[in-house]
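Shared chain: subunit A. Partners: subunit B in the first complex, subunit C in the second.
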Partner chain A sequence: MLQKSRKITFILAIISAIIGVMLTVQLRSSLHPIHKESRSIAELRTTLQKELEKHKNLLADISKYNQLYYQYETSLSEDESISVMKEELARTRRMAGMVGMEGEGIVIDVVDAHPAEEPVVDEHMPVPVVGDYTIDDEDLRWLVNILFANGAQAVSINGHRLISTTAIRNVGDVIQIDTRTIRAPYEIKALGEPEVLLSALKLEGVEENFQLANKKVLAEKRDKLMISANNETRVIQFMKPVKEKGDS
Partner chain B sequence: MWLPLIGLIVGLVVGFLLDWRVPQEYSSYLSIALLAGLDTIFGGIRSFLERTFNVRIFMSGFFFNTLFAAGLAFIGGFLGIDLYLAAIVAFGVRLFNNLAVIRRIVLSKWINQQE
Partner chain C sequence: MSRRRKFHLYLTIVTFSTGFLVATSFETNKITRKERMHDQLFQQETQLNDRILAEKEQNRHLENQLLDLQRQVGKVEEAMAERKSEAAETLSQLGAARMLAGVVAVEGPGIVITMQDSQNAANSADIANYIVHEQDVRLVVNELRAAGAEAISINGQRVVSNSEIRCIGPTIIVNGIKSAAPFVVTAIGNPDTLDSALNLPGGVLHSLQDFVQISVAKKERVELPAFVGDAKTKHS
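Here is the complex of A and B:
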């Protein structure tokens, strides 16, 4: 009997211990709830972006100072630094389209599919209209974008080299590239890997699109293609360089 | 007699030392389970005072009620029915019932002793 009652008390003790654990756990969770992430994915993404930017800036700072340190350490001779600067300048000029380039590429000719049977009567008509459609600025922009998207390094339309600020737009019945009027037939040159560019044109359905405007697209590969420099004078206005610094 | 109390204190201490925390969304299930456990404890005390205490019933009641209450609340969450409210009401009423009975028994015992 005594043993039985001892067993009972033992069981009671175990159960009250379990109750005690539950009680404290409940108390703890209600007093200090677990902090859960309540920000949305978009917010987190922007935060991450900001942090990555910061990180990048800091890394850039580090590399800059490392370079400076290295320069001080080895005490670069003056000639060397000037040659480095010249090299960098040349590279930048190439990237900005300020020098003529040559290399592999493709030439795209956009010509009338069926030459007009009767000669154009109106001499003052600016663009020979074939059918109801003509080539728009939009078509050219689209075409150029396809080329750039597929790795074209330099593109020119009718000899006008496209640069980062180039605008292609309709002005009246004609298309202007940076205020210079261009007329059909359009010849677009692009430097890049010819196979990739040609297959991109095929994939995007350039030919079909231009067929709607009764134009034929003749694209061909060239092993040696020359694209002249952009010779617009560019005035830098409305902007100046920002001294970027990571907040350290 | 003091062993259950010591057990309770040990449980409290262990709970504090373990530092477990239940996520907010599961906290209601734990509270239901806790309520069921308390109900069983008071039921046990009452039956002990009424001399009808049975360890097997007590043990099975404790575990079964605790798990079933939490499980029911969980299933209710799935079905979109607030079943945990039913559990709270049921256990709450029984808890107060048991407390009233215990009080009466203890009081009558005490009065008997006085006389």
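Here is the complex of A and C:
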């Protein structure tokens, strides 16, 4: 009798201890949900990085203008200050794409693939049908955008230098760059780090995309590449420099 | 017998509490450790936030400094231009080149286009159709260029001759600077020409507005920021 009751007590004790533990764990874990702090930290880091980059760029710009100001101030004669101004003009025109540029870069040729020469052996992809799909303006814009995103400083398509206002668009069956018609084969020149540009082309699958249009992409590194100036005459009608700092 | 039952009751309560205590101390231990980590993260976050704010403040200062400097340089240049006609001629070319290169902030009449993912994107079967892609933004920018826009900016980034337009998720990257939706494309040009170019039947607006939220507003005056940091174009 005594033995049995003691056993019951013992079991009861264990069970209630377990229930107690379970209850606590349950309570605790429902009160404290998992935190997701790390993601916002990563985000903040990138924001900070961008700000630091902007800081650096601003400093570079400031030092450039400081230098220019200094040059103006220290020039001994009017002729000298005019030549300073002309130098600044040349530099600005280069940025605007109004001057030819030279440097290392790559040349991309987009040519017709000849099925006879190069049979498309690709078990995953159906053989592209000739004439079913052609290269359109967006393909070229996409390609050019990849180049710029990977640090290309200047790009030209079939000798037409692209600048900030250059439009690439389909007009009827042909592609026009601004108002000039370009025809296949397309030759795209880009100034920049050749290795970076070439690997970007591979990474983005440029070749595969153009293969769908039955075009072959031949990209080649050049140590010395000349990109001509943009010769369009641009009339400025509407914009003028902001004189006073706005509230932006 | 009733004494024995009472004893059982007490024992139950006591062991119950013991279990509670054991678990609590164990959990508290774990939680303080977690909290300490959380605290660290929080601290790190605050630090980062402070640094970002400080950096932004500093950048604003630098921007003002740059504008002041530009104004100073402008004054010197104008003074030169007044003295000599050759300088005046060079200066007018320089002014135009600066605007075209995007290194000065510009203002003028223009148009503001706001693009955003469609609100019922989440409910539709093909979500990809209802969000703004980089090619959509490029399409709009391209159309504006073709219609004679003189200067364009996207979310406060001036589009220059080697700007890229990329989208990663709901953010857009222009000139290497990331910003979030909505995507605001601002262009200077003849507002009517730009507007009608976008509104052509079968045109850009027509093909996009079924899928994404896009609105066009003609403005008498818009202001575009300067492209900051031509470090990218420095060499060659």
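Assume the second predicted complex is superposed on the first by the 146 of 248 C-alpha atoms of A that agree within 3 Å, B and C clash if a C-alpha of one lies under 4 Å from a C-alpha of the other, contacts with A are read in each partner's own complex, and residues count from 1 in each chain.
In the analysis below, a contact is a pair of C-beta atoms (placed from the backbone, for glycine too) under 8 Å apart; a residue touches a chain by one contact, two chains touch by 3 or more.
Everything numeric in this text was worked out from a predicted model, so none of it was measured.
Of the two partner chains, subunit C is the only one touched by A:M85; subunit B is not. Look at A:G20: by the touch rule set out above, it reaches both subunit B and subunit C. With both structures placed on the common chain, the touch criterion links A:I135 to neither subunit B nor subunit C.
Measured by the number of subunit A residues touched, the leading partner among subunit B and subunit C is C. Judged by the touch definition given at the top, the superposed model places A:K7 against subunit B, while subunit C stays out of reach. Using the contact criterion defined above for the overlaid structures, shared-chain residue A:V206 touches neither subunit B nor subunit C, since it reaches no partner.
Touch criterion not met for A:A219: it reaches neither subunit B nor subunit C. When the two complexes are superposed on chain A, the residues of subunit A that touch both subunit B and subunit C are 8-9, 12-14, 16-25, 28, 32.
Remark: subunit B residues 1, 3-16, 18-24, 27, 30-31, 33-34, 37-38, 40-41, 44, 53, 55, 58-59, 62 touch subunit A in the complex.
Partner subunit C is touched in their complex by these residues of subunit A: 5, 8-9, 12-14, 16-25, 28, 32, 35, 37-38, 40-41, 44-48, 50-62, 64-66, 68-69, 72-73, 78, 81-82, 85-86, 88-89, 92-98, 101-103, 137-138, 141-142, 145, 148-149, 151-155, 162-169, 178, 191, 234, 236-243, 245-246, 248. For subunit C in complex with subunit A, the touching residues are 4, 7-8, 11-13, 15-20, 22-24, 27, 31, 34, 38, 41-42, 44-45, 48-49, 51-52, 55-56, 58-59, 62-67, 69-73, 76-77, 80, 83-84, 86-87, 90-91, 93-110, 134-135, 138-139, 142-143, 145-146, 149-152, 156, 159-166, 173, 176-178, 188-190, 223-225, 228-233, 235-236. Chain contact summary for the complex, subunit A toward subunit B: residues 7-26, 28-30, 32-34, 36.
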